[in-house]
Amino acid sequence: MNIQTYISQILDELGETVGHVCDSSAEKLVDAIMDAQMVFVAGAGRSGLAMKSFAMRLMHIGFETYVVGETVTPSITNKDVLLIGSGSGSTSSLVTSASKAEAIGATICLLTIDENSPIGKLADVVLTIPAPTPKIDRDLGFRSVQPMGALFEQSLLLTLDAIILLLMEKTGKTPESMFNRHANLE
Amino acid sequence: MNIQTYISQILDELGETVGHVCDSSAEKLVDAIMDAQMVFVAGAGRSGLAMKSFAMRLMHIGFETYVVGETVTPSITNKDVLLIGSGSGSTSSLVTSASKAEAIGATICLLTIDENSPIGKLADVVLTIPAPTPKIDRDLGFRSVQPMGALFEQSLLLTLDAIILLLMEKTGKTPESMFNRHANLE
Amino acid sequence: MNIQTYISQILDELGETVGHVCDSSAEKLVDAIMDAQMVFVAGAGRSGLAMKSFAMRLMHIGFETYVVGETVTPSITNKDVLLIGSGSGSTSSLVTSASKAEAIGATICLLTIDENSPIGKLADVVLTIPAPTPKIDRDLGFRSVQPMGALFEQSLLLTLDAIILLLMEKTGKTPESMFNRHANLE
Amino acid sequence: MNIQTYISQILDELGETVGHVCDSSAEKLVDAIMDAQMVFVAGAGRSGLAMKSFAMRLMHIGFETYVVGETVTPSITNKDVLLIGSGSGSTSSLVTSASKAEAIGATICLLTIDENSPIGKLADVVLTIPAPTPKIDRDLGFRSVQPMGALFEQSLLLTLDAIILLLMEKTGKTPESMFNRHANLE
């Protein structure tokens, strides 16, 4: 096989997953971010890296944004939102964070394959990304050629980047104004 | 606008960029990884996060892999490969790493928009991802609706995940054998 | 007050805590590291940063070392050791990691103020650092002028660096041989 | 040798280094932080981890603080301060950051062994920590038993924690008010 064969398969798979993300759930996620005082993001592994990519763009737009586990992340309050990206919706450390956020009264949003997962049940907003994975036993009509949660993780990044475009619209921010906030010491 | 409108645009843009990644450059990148004793990855900002996603999968396959700047990353030698993801190919800290790697005699691979960039000139293998960005003044036939290097960063992740599929083929690894290496303490 | 006044107080406090670290517990910790196939370290907040400082030195000596939560960290097995630094011994995410490690059969070592904590009860080796903190209600004979767990975190770093000296002795490594492993791309 | 022998040596060495930190340089560093709009910290390796420990406490006090290279770090301006911890004062990536900060007009503070280093020459405030290391050829009257920059890194952490006590005094913050800002999702 050559790379273009695999790239075609990946693009086809992405169309099947992100093409089914629900418009109204995305709107609710956008509203939760717009209404929050501070935005916290969390995720494990490659999903966590997609959440960090999102956090960086939120910062560029001007939202006060933090990544759970990074150095300067303060305490969350009931005026804030916690956004979790988790394919299974059941990663232990993220269930812990979601439970703590709920006890404090923060708004919880989840991007996941499984809306009936433990975090799904705690969340105020759930955005479902219907990516099949070996770990999640649901009939989504096709199997991915990719290992583990790769298709979810890619779909998560693209979905979050589409949400950035919605947020730019809402806030009137342009790529130029965002670039002014871009890190300039590296 | 709703999220599906933006998702369609992003998928269209991705087809225009990753659809033009060169098969033979990808093969050279695969060979460089297969031949290396250790694999080091580096990148800044969101490109750096895509490189980390790749590093995690390389580790799952069984390659001895390190991220420049993380805690347990040892010294590079002339038997190793340094993989850099950089849209501009000119980020200062990455130019520094590339220069140091070259002095040591390590193999350097670059994934970039601009093969004529400072790091492009130092690299043994360059894989070009033709994503238009405001910062890079080249006529690629279209403009992205997305801010800054978003299209490059997405294309980088997908290209690297296609390279993972090529490497799984070469090494005979399956998703199941890779899952056995997956972090299990979170 | 000037900085030297505070520095004197900090040094006095450190003498009161690290001066009471138990020789035989340290020996057990050293043995657990020497016997392990891979070494995993974990910690939250500033204690987590001290654990990372330790992990970097373990890598310099030549131990295959990983930080829980970093990119290239593989799965732990029953041949490995998990070292946790936690003042309270009860941080949720660390209790989770310790429980998972125990189920897998890995050796667990804890550096803590409170050996009777949840992680303390799971651990095979506990090294107690008797630092008073506002959160831990024990009579240690004095109060620290420093906020939160500062004295524990400082003591943790110094104790771990003393363990590095013990491990250098055991392995015959010199500062020069360790420097050869030092990251060289930054 | 046992751990208490090494701990005694480390404490003796620390007295010889942090005991010579200059009161008036520390005051200048405190003033630079108090006057800044945002505080950026940077460092490589174990010195970088000490700088992160400091950044966390600055956040607890209430300073808007960022770590160079972390996800949510925005652009620096001429109203901000960049604090660098570097034993040699010559780490390439940090020289780059210092040069960029200088061009922008930000205030630069350096904690270092070598005030005549490249970053030392760019810095507005230099706080010298006179720790001997094999890499730095200066007669400081004694040799450390510890490998590489260990003594500098330990001294850096303790000096920064003493600066926290000075800043608590200046701002009137108590451990209790700081604890309210402590991360609460882990």
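Per-chain residue numbering starts at 1, and chain names A, B, C and D are given in the order in which the chains are listed.
FYI, a contact is a pair of C-beta atoms (placed from the backbone, for glycine too) under 8 Å apart; a residue touches a chain by one contact, two chains touch by 3 or more.
As the structure is a computational prediction, the values presented were derived from the model and not from experiment.
Both copies, chain A and chain B, contribute mostly matching positions to the interface they share, with over half of the numbers common to the two.
When the interfaces A-C and A-D are ranked by how many C-beta pairs touch across them, A-D comes first. Remark: chain A and chain D have CA centroids separated by 34 Å (rounded to whole angstrom).
If you average the Cα atoms of chain A and of chain B, the two centres end up 21 Å apart.
In whole angstrom, the spacing between the mean C-alpha positions of chain A and chain C is 33. For chain B, the set of residues touching two or more other chains reads 52, 56, 69, 92-93, 96, 100, 182-183, 186. Contact residues on chain A toward chain D in their complex (touch as defined above): 40, 42, 52, 55-56, 59, 65-76, 82, 93, 96-97, 100-101, 104, 180-186.
On the side of chain C, the complex with chain A involves touching residues 69, 92-93, 96, 100. Residues 1-4, 6-7, 10-11, 14-15, 18-19, 21, 23, 26-27, 44-46, 49-50, 52-53, 56-57, 60, 91-93, 134, 145-148, 150, 153-154, 157-159, 161-166, 168-169, 174-176, 178-179, 182-183, 186 of chain B are the ones touching chain A in the complex.
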